[in-house]
Structures are given as structure tokens and as C-alpha cells.
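Every chain is named by a letter (A, B, C and D) in the order it is written, and numbering of its residues begins at 1.
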Amino acid sequence: MGMWRTAITQHLGHETYIRGYRLLDLVGNLSFAQAVYLILKGELPTERESRMMEAMLVSVIDHGIAPPSAIAARAVASGGNSLNVGVAAGILAFGSAHGGALEDAMKFMQEGVASGKGVEDIVSEYLSARKPIPGYGHRYYKDFDPRTKRLMDIAKALEFYGKHCEFAQAVEEEIAKQKGKKLVLNVDGAIAAVASEMGFDWRLGKGFFIIGRVPGLVAHVYEELTTEKPFSKRLDEEKDVEYTGLPPRELPPDIKKI
Amino acid sequence: MGMWRTAITQHLGHETYIRGYRLLDLVGNLSFAQAVYLILKGELPTERESRMMEAMLVSVIDHGIAPPSAIAARAVASGGNSLNVGVAAGILAFGSAHGGALEDAMKFMQEGVASGKGVEDIVSEYLSARKPIPGYGHRYYKDFDPRTKRLMDIAKALEFYGKHCEFAQAVEEEIAKQKGKKLVLNVDGAIAAVASEMGFDWRLGKGFFIIGRVPGLVAHVYEELTTEKPFSKRLDEEKDVEYTGLPPRELPPDIKKI
Amino acid sequence: MGMWRTAITQHLGHETYIRGYRLLDLVGNLSFAQAVYLILKGELPTERESRMMEAMLVSVIDHGIAPPSAIAARAVASGGNSLNVGVAAGILAFGSAHGGALEDAMKFMQEGVASGKGVEDIVSEYLSARKPIPGYGHRYYKDFDPRTKRLMDIAKALEFYGKHCEFAQAVEEEIAKQKGKKLVLNVDGAIAAVASEMGFDWRLGKGFFIIGRVPGLVAHVYEELTTEKPFSKRLDEEKDVEYTGLPPRELPPDIKKI
Amino acid sequence: MGMWRTAITQHLGHETYIRGYRLLDLVGNLSFAQAVYLILKGELPTERESRMMEAMLVSVIDHGIAPPSAIAARAVASGGNSLNVGVAAGILAFGSAHGGALEDAMKFMQEGVASGKGVEDIVSEYLSARKPIPGYGHRYYKDFDPRTKRLMDIAKALEFYGKHCEFAQAVEEEIAKQKGKKLVLNVDGAIAAVASEMGFDWRLGKGFFIIGRVPGLVAHVYEELTTEKPFSKRLDEEKDVEYTGLPPRELPPDIKKI
């Protein structure tokens, strides 16, 4: 298959180098989030970037047992599997409807800023085509999303509030103006703005979500394995299942051989 | 990494050979179950073996939406993923508590028959050590498991009822005698006996379950993707979730930086 | 989360019904491929449909150790995992570039036939936009794909050669005419034509590939687990890996704390 | 299915609480590794524990493209799948032979220390039964493992070098004494000793490895998706594959129907 090419990690002698730095020098000197930044971006973060990264990853660390990812992770674990298998099942659930908004919002903001177009035109294009703008709107929060406020406050305190954050908030205001109704910049949108500010490619968007949420999935699978009985995650046929198919019927007589 | 070795499939020129047979000769001439037998066993099945194999695979094709595998498959699909990703999540759920009994029962029967020990001694060993005997016992069926009866009737009709099936039913009777209470040979046990009769290694036990159930998982994931809304598989925090952890508490003041 | 709805399988008393038929009646009376047809389509196949289905599933049962799915399955197994985990990893590999052509070709043919447009217009649309037509072209086969010939011969013998198969071969001829060069209808295209003829939705396209190939993956993972050493699937850093990244560099002195 | 129980995360009103702490208070105030500690242990780490945790997670962040996990992740991505699917495949590879030593070594050390037995007896028990002692021995390092030295130096600097670390190094010396040959405490063993010192249950062992390595897997899958062609990860039938099975043979004539 020819050579497998990579620019991430190199082994020289018995030493491991991550993006050119000796791994053992990183151990003890970088925080975990700083090492995450290095391996994804290829360069060491500054102090501001480090603190922004810590905040971003912490903000998605868990969202309880209710989302599809926790359901899948715990159902798989309850089938009698190891920790790694349950965690992987949880990560599989992070499709376009579960963490995908972060990626879409990064794409929207990076392309929006790069295009040089006015926010007014961009918003009216989406609204007239009735396309949802990724990163905006929330089921409960109608005035502002407190998680967005928190991340934006931190971004400002770290002097990290640049053109992508400004664009993100300008879009929020423009939606309210054109639509006559507020669609708040939600937490996916806020992380998207900040990650874009840090110069990350939108194709990595789901990566932040995965890295940040994996500790939550580990905690859920560990909890399932240590506190629940095997096979605990199954539905109750009487209470949880509605059968919507055909009623019982007979097999045609010519098919019955035995 | 050196060569990747395999004895399953060979490409010669532009032809594919499965266990030595030209794939194109198999297409149209073997049933799917016969090809399954060939690829797993290395040889073509006889007519009796073919019919037994068809019956075994059909017997596990689906068990509804309630088991952990269907939950995981549909939860992952509901996160906005492709068919293959949902199906894979379902297969991940087939751990030691979900399909594992089939494998364990095959091991028990193959070792039991090979050991030459009496059924009386084997059963008393398990019962005195209070170890469950894999393939026996059922939540609802206390007299007999109708699926077992069906498979055993077919095995008899196909003259496929040999020493492993006899061993399996002798163990059922011996348990009743020693325990004073019947533990029926369940469907996992019945498949295990039949698969052992066909000469399959117990390490392949879960393989029959996986191959037989995959069509059910495909049907479930397809149904989820075409009839349900994205993110439909999430719990209701009010009705479905019980929080058993610590109540809200304050972060120590020295930790608050921002 | 409300009820989990399904139209596939129902439990009544202690009996299981698949698409309305008692599971135990199917065992022994349907072949496995017939049961696959039933669970996917909702109805029993005719004799012709049964034989076509057997042929389709057999045609994809394995393609050796070289494709990404076999690599992933065996690498995961070599990490020290159970049969189900390796098989699931293989299925994960069936993305848009691996089995996806079957799905795309089904969509192309079903929309093409339904549109009522002429084949001439359809082909010229694709060629002028330089879009690849899914299901056509092959690295080695320049005159015809022998697997396509085989499936089409069977389709004809079973009187299963209708408007989708005709459309598929008309497109092949039209490409040759407009392009001045043949792009053969490949095996993905042939299965797509036949599955469309049987009335299956293109969204199920990858499902046939998954169901048909799972026995091959089971054989590969079983082979890995029983004939190779744990961790056998790793690259040789000297021979297999090309590092394309930055050379070793020093950590800035202000970062060194320890 | 009754309630899904969890003690990890609670939603109250529109606020999320992790182990009792308001998530928004954690964002900006905890480092990511501190939040990992909190969600796994249930309590906030001290300064020493935080720094040890950062070091542990950084120490496993990547090990290049050679291990089965990177192979599986990149093979799956090359099949045309999303970032999350490739990363999940990588995590699946973390079975008993890939990261499992960490878990086994934690169990060995925690049980060893708790047993009160002498190190002499423990080691001789293993050696006389010819059982490998998990966490000891290395292909290249015969005198000491530099990664172990690094982690142990940090553990000492943070006053984190207690009974588990002492036990781990006493076992290393005792092996050398009884065996007449050194088996170095390797990096799995070193992390195991330190994680045990921090009071983590050995059943969580693989969790540290998963959390620490996920950023590396994200980097690999992103690299595959952005720098390599689809389907790049396949073997070369000529150069990479050795076929060890049966040579071509003819199908028996009675099977040929078509």
C-alpha cells in the first residue's frame, strides 16, 4: 500500500516527537489542553489561547444521560462490553444532528468573514431561502444563551474577541431586525466563533466536541459498568414500544415445508 | 508490518476465489446461507447442512426494538449518521450479555462432549459451585422453549440430531433431576447444540448471531432514518431520568478566577 | 422519550412476529435470503425474487484482506477485542467511498427511470458537468465487467431484466457514444440495477452490501483472532511510515517548568 | 425500561450541574484536565492532583501512525466517513492488547498494596507460575524506561510518590533479584502507579488512556480526511498480501444450476 504518511508524530531512536517537540518535554510542562492545541494546530498556544482552549473544552464536558450519545454508550456497555467499546459507540452518535451544528456554524462564520459580504445580505439570503442559520436559535433561551454569554465574556477578558465573534453577534442582531424575532447565538455558535478566532479549520469543528465530551462518555460507561446490572438498557415491550406494523398473518400454505 | 496473511479469499488475475472456488461460479449456484457456510467452514455444505444453516440464521433475524443492540443502533442513527454507522453500533452491543450465551453454550457443549465425563458429574459440578450453565433457563418458558423445540424438530428431520444435541437435552433432564426444577434448554442453547453438531468452533458462536441479526439491524436503522426525525432518540429529563448524585454546591472561592 | 415506534417486529404473548409472520413458521420454511427480503421489504419474495436475492448477496460476500474494511476489522481485533467489535469496525469503513457507489447508482437509476428523460440527455448532462456517473467505470475492466455479465445473465434467466436494467445498459452504450470510450457498467451498477428492479429504495443500497459482506468480515476477524498474535497489525516505523512533518525542535525556555 | 439513573450530571431549570457544580462556573475556572478529574472522581482536584493529571494525560497523547488504533481510524476514514466515525474506530482498537496493560497494572498494584503481602512473595508467585507481571518489561528499554523516569520525577516533585509508586518500584527491583535480569517498570506501569496513588479505581484505567489519546486520533483522522485521497488505505495484493489458503478448485457439477 506504499508508505503511510503523517506529519503529526515521529519516532527517532527511542524518543517520540509530537509536532517536532520531544514528548517527554511536554509531559509536566504543558497542560493537557495545551497539548491538544499543539497536536491539532501544529504550534504551541500562547497563554491567551491556552486559557480559551481550556474553557472551550470544559464547556462541552457532559450534558447528562439524555442525549443519543449517552444512550448508545450505555446501551452498548449494558450488552456486556469493555469501557472502550461503550465510549466508541457514544462517539458514533455524534453525527450531523449531534455536534454537527458546531462544524456547520464554523463553516458559516469562516466563509462569511472571508467573503467580505455584508451581514445584511448574508442573513437575507438565508432567510429568503428559509435555510436555518447554523449556530442560532434555542428551544428554551429566547433572550440570550447564558453559555454563550459566559464564553463571550471570557473571550473578551482574554482579548480574544475579534472579527469572527463580531460577525457572530452581528448576525444575531441582523436576524432579529429582519425577522422581527430574536434567534439567540447558541453555545454551538459561540464555540464556533471562538474556535474560528483561534484560527482552526471548520473541518475540525466536531473534533473539539469529541475531545471535550469523551470524559463525560467515559464517566457514563464506567457508571453503567459499575452500578447497573448487565442488560439493564432494554425497553419494556408493554410501556415503551408502539408497534405500527401489520397484524399477525398466516404463511401461504405452499411455503410450509416443515 | 510484513505480509498480511489470509486463507479466505484470493485474487488471481481479475478473478476472485473464495476458499478456492471462483466467486462468479458461486453467484447463482449457492444460496446465501450456503456461501456463509463455505466462507466460515472452508468447505461446501451438504443439502442437510444447508437447510440447517438457513434455519439457524433465520431464527435470530430480529427480536424487536427493545434489546440494547436496537437501542444503540437507532440512537446512533438519530444523531444524524449513515446506515453503516448505525448498524455497526448495534453490533457493538453484542457483548457477553447479548449473544454471548450462544458462544458460552457452544464451549460448554463441545468441552462436555469431548471430555467423555458423565452428564451427572458435569451438572453437579456446576450446581454445587452455583455457576449458571450457559444455554439453560428462561424468564418465561418454564416447561419448554418453543424455539428450541422447533430447531430440534428440524435437526431431527434433517438427521442432524447427534451427540451434541443429545448431550444438550441430557443436561436439561439432569438439571431437573438434581435441582428438582426444570431449567429449559433455551434458544441460545439449541443453536449452540446444532452449530456444534455441524462442527463449528465455539469461538465462532457470536458470528452466527451477528450474521443472522444484521438484516434486523439494517431494517431498524433504515426505519429510523426514513420514518423518525433526527435526534428522536433522547430521554425526557423529567420522565425518564433519575439523578442520584450530589445536590448543587458552590465552587470554592479560591478557584474562581473569572 | 415517549414510545419507540416500529413496524418490523412484534411480540405477542411469548411469540415473535416478523412483518406479521410468526418467526417460528419462518424457521425451516424460508431460506435466510428470503427472510432478509421479508424483513427489508415487508413482504415474502416470489421464487424469482428469492433466487435473485441469493445471487446479489453472494456476489459481495468477500473481497479479500486488502480493502479498508478488512484492514480496520483486523486491526481492531489485533488490539485484543471480541469478534463483534472487530466486525463492527469493518462495517464502519463502509462509507461513501466503500460501498457508497451502490447506493449512489441506485439513486441515479431510480431517478433516471422515474424522470422519463431520455438517456441521451441524462448522460450529456453528467458528461458536460464532468460529474462521474455512479456505477460506471473500472480500473481493470475496459470491455465488460464479468461480474456484471454474470448478474445480468441471471437476471435475464429469472425474467428479471426490466426497465432499470435496460436503463443501466442504455447508459453504458450512450456513454461510449458520447465519450468515444467505454466505461463499463461495474458490479456496483449491476447490483443497483437489479435491486432497483426488485423495487428496493436506494436508501437501502448500502444495506445489501452490509448484509452480504458481514460473513466475510466475520471470517476475517475469526482468522485474525485464531491464527495471528495479538497486536500483529501495526506498521513498521522504518519500512511503512513516511514522516512529513517538522524536524525536532526545542521547547521555548519559558515553558519549561520542570 | 424504568428510569435511567445517573449521578454525574443534573439539569435544573436551564442550568447544567456537573457533580454538583454549575457547569458555567467550571468554564473559565477549571483547566480541562481538572474538569476530567472532577467528572471521573466526583471531587475537585488539589493543585498537586491537577498537575499530576495534566502530566498523565499528556504522556499518552499520541504514539504515531503505527499502532492498530491509528491504522483502524485512518482505514475507516479512508472509506469515506466523518471525523467522529474514524475516531470511534480508533477507540475500538483499545482492547486488552492495546492500553489494556495500564488497567491490568492498576489492578495488580492496587491488589498488591491492599493485600499486605510482601513484594518477595508476590513476585515469586508470578514468576513460578510463569505469568507476566503487567506493567513490566519493554522491547527496547532494558535499563530504565525514560517515560517512567519522567513521570516518577514529576510524582516526586509534586509529593505524589506514595505507597503505590514504592510498591511498583520495589517489584521492579525484586524481579531483577529473583530473575537475575531487569524487566523495567514501563510507561503503562508508571501511569498505573500514579493513577493508583491518586485513588482511581483500576476499572477506570483504560479511561485515562482513551481520554489522553483521543486528541491524537482526532489529529490522525483529520489528516487522513484533508491530505489523503479517499480509499488510500488499502493493501497492495501483490506486495502486502500472502494467501495461505486452498488453490483454485472446481465447483462440483451437481451444484451448477446456471
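Descriptive notes on the structure:
FYI, a residue touches a chain if its C-beta (ideal position, glycine included) is under 8 Å from a C-beta of that chain, and two chains touch if they have at least 3 such contacts.
All of these numbers come straight from a predicted model, not from anything done at the bench.
Sharing over half of its contact pairs with A-C by residue number, the repeated interface among B-D, A-B or A-D is B-D. Distances between chain centres, each the mean of the C-alpha atoms, put C farthest from subunit D.
Computed from the mean C-alpha positions, the centre of subunit B lies at a distance of 23 Å from the centre of subunit C. Subunit C and subunit D have centres, each the mean of its CA atoms, that are 34 Å apart. Inter-chain spacing, taken between the CA centroids of subunit B and subunit D, is 29 Å.
Among all residues of subunit A, those that touch two or more other chains are 4-11, 26, 28, 30, 64-65, 81-82, 85, 88-89, 92, 94-95, 99, 154, 233-237, 240-241, 258. Across the interface of their complex, subunit C is touched by residues 1-2, 4-11, 14-16, 18, 23-24, 26-28, 30-33, 35-36, 39-40, 51, 53-55, 57-59, 61-65, 74, 82-85, 87-89, 91-92, 94-95, 99, 140-141, 146-147, 150-151, 153-154, 201, 203-204, 206-207, 210-212, 214-216, 218-220, 222-223, 225-228, 233-236, 239-240 of subunit B. Those residues of subunit B that touch subunit A in the shared complex are 64-69, 71-72, 75-76, 78-81, 85, 88-89, 92-100, 153-154, 157, 230-231, 233-237, 240-241, 258. Contact residues on subunit C toward subunit A in their complex (touch as defined above): 3-12, 17, 19-22, 25-26, 28-30, 42, 44, 81-82, 85, 92, 235, 237, 240-249, 251-252, 255-258.
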